[in-house]
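After this come two complexes, each holding chain A, first together with chain B and then together with chain C.
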Partner chain A sequence: MAAVTQTIEHVAELERYKHGFVSDIAQDFAPKGLSEATVRFISAKKGEPAWMLDWRLEAYRRWLALEEPAWARVHFPRIDYQDSYYYAAPSEKAGPKSLDEVDPELLAVYAKLGIPLKEQAVLAGVEGAPKYAVDAVFDSVSVVTTFKAELAKAGVIFCSMSEAIRDHGDLVRQYLGSVVPVSDNYFACLNSAVFSDGSFVYIPPGVRCPMELSTYFRINAAQSGQFERTLIIADQGSYVSYLEGCTAPMRDENQLHAAVVELVVLEDAEIKYSTVQNWYPGDAEGRGGIYNFVTKRADCRGDRAKVSWTQVETGSAITWKYPSCILRGAGSSGEFYSIAITNNRQQADTGTKMIHLGPNTRSRIISKGISAGHSSNTYRGLVSAHPKARGARNFTQCDSLLIGKQCAAHTTPYIEARNASAKFEHEATTTRLSDDQLFYAMQRGLSQEEAVQLLVNGFVKDVLQKLPMEFAVEAQKLVAISLEGSVG
Partner chain B sequence: MSLARAIETGDLAQLPSRRDEDWRWTDLRGLLRVLPPPSPPHVGWAAPGPFAGLAGREVKIVNGRGPGGITVPAGERHTVALRFIAAPDAGAHAARLAIEIEDGAELVLLESYEGVGEGYVAQVDLRIRLGAGARLERIVMTRDSPDSVSVSKTEATLGPAAALAQTVLAAGARRQRTETRVSHPGAGGASVRLDGLYVLDGKRHADITTVVTHDGVDGATDQLTKGVARDQARGVFQGRIVVSPGADRTDARMGHHALLLSDRAEVDAKPELEIYADDVVCAHGNTVGALDEEGLFYAKQRGIPDAEARAMLTEAFLGEVVDRIGHEGAREVARTWVAKQLGAAS
Partner chain C sequence: MLSIKNLYVAIDGKPILDGLSLDVPAGEVHAVMGPNGAGKSTLSYALAGRPGYETAAGSVTLDGEDLLALEANERAARGVFLSFQYPTEIPGVPALTFIRTAMNAQRRARGEAEISAPEFLRLARAKAATLKIDFDMLKRALNVGFSGGEKKRMEILQMAMISPRFAILDETDSGLDIDALRIVADGVNAMRSADRAMLVITHYQRLLDHIRPDRVHVLAAGRIVASGGPELAHALEREGYDKYAKAAA
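Right, the complex of A and B next:
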C-alpha cells in the first residue's frame, strides 16, 4: 500500500502540468514564416555543407507539392505554416567548450526539469545507479551532450545532428533519409526541409553501448515549431538502449512538433527505443497544447536484427504517431509496447506498422489506450506479410479503457496477409473500469481516486514493465497525473 | 461516389478507388477502364435458383429489371426467394429494391446473385426496414461469374425489439463486394447477427463489409466471418462497430478468421471499433494463418489421408458459421455449398 500512498502524495504535490514554465533566455530566431530563404537561413546558421542544403531545398520543393493528410481521426483548425518560427536557438557567444560555459539560465531550466546534465550526477538515493548520457535539445538546437568522452572510448558516437553533419558527414549522408525518405509524408517532408537538430548515434560492430543514451527535448520559444531529426545506427551485433523525453511551456497557442526518427539495425544488432512523451496537452477546455506529428521508423536490414519501441504518450493536444518496423532481415523481430492516455480535450491517433518482408520475422504489439474527459484515443496499426515473409508471425493485443461518458476510444487495425505460412493473431477489447473491481478495492479501504489508480496501473502493467527502471517510475507517476480529476 | 452512379451516368470518375478508405482493398477505378454497354431487358428466365423449393414466393430481378419492393404485412410470416440474375446478355446494370417488414412480421429472405453472363458489371442497392418486433433472417448466396464485377449494398434500419440475422456466402468474382450497413436502435432488446463465409479459388476476390451503428442502449451485435483463400484469390473483411454517445450497455462482438491455403492468396482485414460511450463491452478478434498442423497430425495418425484430413478440418472450420443459420432448409443448402466450393477448389 505504501507505493500507492506515495504516488497519491506525489500527485497531490504537483501542479497539473509541472513542466509548464517559460524560461526567459536570450534567443535567436529565423524570420517568421516558411520559404526557401528560411531553409537557407537554417542551413547557413548551422554551417552545413552544400549537399545538406541541396537535400533540404529538394525536400522543401517536394513539400510544396504535397497535401496535408486528413485520414487520422483527429480534428484541428488548419495550420498556418507561415505563422510560425522555424528556428529558435539560445544565443551563445562563441560556442561553449564545456558545461561551465553554458548559459547558467539554461542549466537552471534543466535542473528544474530534473535532467542531469552534470556527468557525475546519478539518480538520487540509488547506490550504484547506471549512468545516463544526455543530449539536451532546447527549441531548435542541441545545447549539450554529456559523457561524450567516455562513450568515444567504446567507439560510440553520440552527438547532436549538427555536429554529426559536420564531423561524420559520410555516415549521415549514407543513412539520412534511407529509412524515412524525404517525401514519405507531409510532416516528414516538412521536417526534412527545416529540421534543426536532434541526436545522432552510431554504435560500432559488436559493441554493447556502455550506458543508456537519452535525449531531452524542450520547446521554450513562443510561436515556434520544433523539428528535430534523430538517426540511430546499430552496426552488426551491437546493442543500444535509447530514451527520449519531452516537455513544453503552457501556452494558449498550439505549437507544432514534427520530428523524424530513423533507426537502422544491421545484422544481429538490437535497438531499444523508449519514449515518455509529456508535451503540454492544453488546458481542460482544449486551449493550447502541442501538435505532435511524428514519423518514427526502424529498418531491420540485417538478419536477426531486433527493434523494440516502448512509448508512454500522456501529453500533446494532438498526437499523430506510428513508430514502425520494417522487418527485412531473416528472423528479425519488432516489438511495440504502448500506453496512450488522453484526458480533457486531447486527441491521439497512434499505433504501429509491422511490415514483414523477410522469412521467419516476428512481431508483437501490446497497446493500452486510456481515454478520459472529452478526449479521443485511436489505435491504428498495420500488420502485413509479403509473399516472401515465410513463417511470419504476429501477435497483437490492443485494449482500451474508458473513463467517463464523454470520451471516445477507437481501434482500427489493418491486417494484410499475403502468404500461407504467415500466422497473425489480433485481439482487441474496449471496456470501462469494472464496477466490481472498484467496489472491491474501495471496500478494502482505498478512496475512489486510489482505487482507480490501482486499477489503471494494473491495466498498463504489461507495458510499464518494458520500460527501463527509472523511466518506469516516472511513467507510473505520469499516468496518475494525467488522469487526475477524471473521476467523480 | 459508387459503382451504381458510374453505371447510371457512364462516368468512370464516379467509381470508388483505393484512395477511398472504405474501398482500399477493392479498387474499381483502377480495374475498370471501360464499362460494358447497358444490359438489355431479358424475359423468360426459367432456370431454378439455389434455394428452389424452399420459398413460398420468388422475386426475380433479371438484368437489373424487376419489382421495386417486397412488403411483409404486420404480423405475417413469409419466406421469399429473391434472385438477382445476370442473364447471358448482361452488360452493366444497377437495381434498387425496398424491403418493408412491418411491425411484428417475420421474413426469411433467401437471396441469390446468379451470374450466367460473362464480364458484366452490376450493383444492387437494398433498403430494408424492420418495424417494431419484426424479424428478418437473410441468407445471401453469391454465384457470380469469375470475370464479373458485382456489388451488393444493403442499408437496414431496425425498429425497437427487431431482430436481424444474416449470413453471406461469398464465392467471389473478379471483384465482388457485399456491404451491409445496419442502424441498430438497441432499445427493447433489438439484436443483430451478421455472419459471413467466403470460399475463394482461382483469381477470385470477395469483400465482405459491415457497419453496425448502435444508437440506443442495451443493443447486442454478434458477428462471425470465416473464409478460405486458395490459388491467387483474395478475401477482404472490413467490419466496423460504432457505439454512439449514450448507447450504454452495448454488447458487441466481432470475429474474423481466415485460412490462407496458398502463398499467392491474400487476406486483408480491418475489424474496427469506434466507441463514444463508456459502459460497453466490445471486443474483436482476428486470425489469419494456415491449417493447424497439430490438428492435421492428429487426423493423419488416426489413419485419415492427408487430403481428406485437410478437407475435413477446413469444412469443420467453416461449419461453425453454417451452424448458426436458423432456417433449416437454408442451412442444408449452405452446408452443401461449402462442400461443393471446397471440392471445386481442391
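Right, the complex of A and C next:
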C-alpha cells in the first residue's frame, strides 16, 4: 500500500528523464574506430598480462568473421562500428586507490545520481537501513568500489574487472568466457575484444555475502560505446544478491552498449541478480537513446544451484537481452522475473532461455511487458529439456499490457522437450489498459496519470516484489516516469 | 443539491438522453426507474463524467457548480460518487490500497490533509464490519474473483469510506440475493443525511422496499416522463413500463 502511494507522491517531483545531464570531466580516449590496434591500446592501457591480450585478439579475429544478428524484432540503421570510441576514461595517472584520490567532479556526478560512494555516508544513514557496496563504472572504467575491506573480512572479493585481472588472474582465467564463450554471439564477441571494465565478484564456499552488492554503470562521453564485463562466482553453498543500475546523458545520437554478464553457480550456491536498466531511451520522436545489446547468462554447475534474474527494463532506444540459465546440476533451478516497459519509439526484444540439462531441474518465468506510445515490445523465450533432464519442470507466464492504440506487443515462446518426463506450463495474456478501469479509478478521484500508474503497478506487482526492497521503490518510480504522457 | 436541466447526451453521435430534467435536493433519495434502453446507465455515466458521453446541450450543477466542465476525478473530489452496475476488476491492486489512494487523491484535490494509515485502517475495519465484509478480503486485488454480491458490497464500502455528498447507485440490486440486498440497503440507509443526496437507478421495485425513496421518476426514451411518490414504484411493478414507453415514443 505504502509503495503505491509513494509512487504517486514521488512522480510529481521527478522529471521525465532526470539522469540526462552531461558531466564535464577530463577524459582519455582511445583513437576512434575498431581495429587490432584499438584492442592492443585498451589492453596496454590496463596493463594486462599477455594471456588477456591474446584472449581479446582471438575474440577480435572471430568477431570479424561474424554477422550482426537480424532475427530480433527491432529495427535500426546499420551501426558503423568504426564511428565510435571504444575506450573513454576519466584522466587519472593510475586507478584511484581510495575515495580521497577520486576526482571530486566525479564524486559529484554520483551524488547527483543518488549513489552512495562514501562508506560513512551509508553507515550514517537511517537506522536499520541495509548497507550495500557499490562498484561505480564511469564510461570505460571502474572509478571506485566501496566496502572492499569489510567484504574482504568475509573472504568476499568485490572489485573492478581490471583489478581482478591483475590481482586474481587465476580465478578470472579459470572462469572468464566459460559461461558466455568468446564467439557466443556477435555482440558478446565484440565485448570480449574491447571490454574495458566491469565488476568481479567471488564468494567463497559457505559464505553468505554480508551485504547487497551493486554496480552502477554510467555512460558520459559522447560517441563512445560502453562494453562492460561482469563475472560473478558463487562457490559451494554461498549466497549473494547483486544489483546493477544504468543511466546515460540525453544525446541526439545513438550510443552502443554491449555488455556481457557471466554467473557461475556451484553446488548449493545461490545468486540473485537484479537489474534496473534506465539508459537514456531517446526522445518522443525516437532521436537518440542507447542501443542495449546485452548477453547475460548463468551456469548452474553444481547440484541444487540456484539463480534468479530480476530485471526492470525501462530505458534504451533498443533492448536486446535474454538473461538465461543453464541448469546443469541435478535439482538446480532458475528464475526470470521481468518488467519491460516501452514508450514513444522504444523497441524491446527481451526474454530468457532456460536450458534444462540436469535431472529434476526447475525453472520459472514471469514476464510483464508494457507497451505505450508507438513502441514495440517483444517477449522472446526458450525453454528446453535435454534427454538427461528427467523430471524437468517449467512454469512460464507472459503478460502483455497495451496502453493506447499505436503500440505493439509480441510473445514468441520456443519450447523444446526432448524427454517425455518434462513438464512445461505456459500461460500468456495480452490485455489493453481498459477504458472501464481508467474510468473506474478516475470516478474514485484519481487523475488519469495516477490511474495509469496504479493500474500498471498492479500489473507488475508480482515482479516488483522480487526486487530488493530499496530498489523496488526506485523501480516503481521509474515505471511511473516511463509511462508519463502515455494516455490521452 | 443536484440539478439537471434539459440534458442531451449522445454516444457515437447517437442521442440517448433527450432533454432530461431532474432535481434532487439535499437530504433526499430519489429513484429513477425505467425499461431497458431508456438511458438509465447513460444518465449515471454522464453525471459521473465518463469520457465519450458527449453532452450536446443542457446543464448539470451540484450546489450551483457546473459539473459538465469537470473531469471525472474533479467531480469525484467535489463529492460525486457512482456505485457501478458492473464494478471493474483491478488486478494486482489490493482493495485497501485502491480505496486509500482514492481517498487521498480526493483530499489532495480539496486541499485537505491525507488520511493517516491508522485512521484509515480503523475506518476500514468499522465499515467492513457493518457491511459484513471479511476484512481479509480487503487485502485481495479489488473485485478480482469476487462474486457479484461481493462486488456490490465493495461498492457500498467505498461509498461509506469516501462519504460523498451526492451518490448515484446504478442497479445496485442486480446480482444480490435477499440477504445481501438487506445488508447493502442497510448500508445505504445508514448514509442518508440532511447534507447528502442520492439517486437510486433501478429496473425493479424490490430495492425500493429496502431503500424508501422520497421521489420516484420514470425514465423512458431519454426523458423523465412521470414523477411521483413511492407509490409510483408499486404502480410500475403492477402495470409495467409499456404505457410510458409508448407515450414517450
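Just a few scattered comments:
Just so it is clear, the second predicted complex is superposed on the first by the 473 of 488 C-alpha atoms of A that agree within 3 Å, B and C clash if a C-alpha of one lies under 4 Å from a C-alpha of the other, contacts with A are read in each partner's own complex, and residues count from 1 in each chain.
Definition applied: a contact is a pair of C-beta atoms (placed from the backbone, for glycine too) under 8 Å apart; a residue touches a chain by one contact, two chains touch by 3 or more.
Every value quoted in this text rests on a predicted model; they were computed, and no experiment measured them.
Touch criterion met: A:H410 reaches chain B, while chain C stays clear of it. Contacts of A:A30 after superposition on the shared chain: neither chain B nor chain C is touched.
Once the two complexes are laid over each other on the shared chain, residue contacts for A:V180 go to neither chain B nor chain C. Within the superposed three-chain model, A:N419 lies in touch with chain B and out of touch with chain C [touch as defined at top]. In the superposition on chain A, A:A389 makes contact with neither chain B nor chain C. In the superposition on chain A, A:C325 makes contact with neither chain B nor chain C.
On the chain A side of its complex with chain C, the touching residues are 1-2, 4-5, 8, 434-437, 439-448, 450-451, 454-455, 457-462. Contacts from chain C toward chain A in the complex involve residues 48-52, 71-73, 75-77, 81-82, 84, 87-94, 96-106, 109, 117, 141, 158, 162. Only residues 71, 387, 390, 400, 402-432 of chain A touch chain B when the two sit together in their complex. Interface of chain B with chain A (complex): residues 21, 245-246, 258, 260-290.
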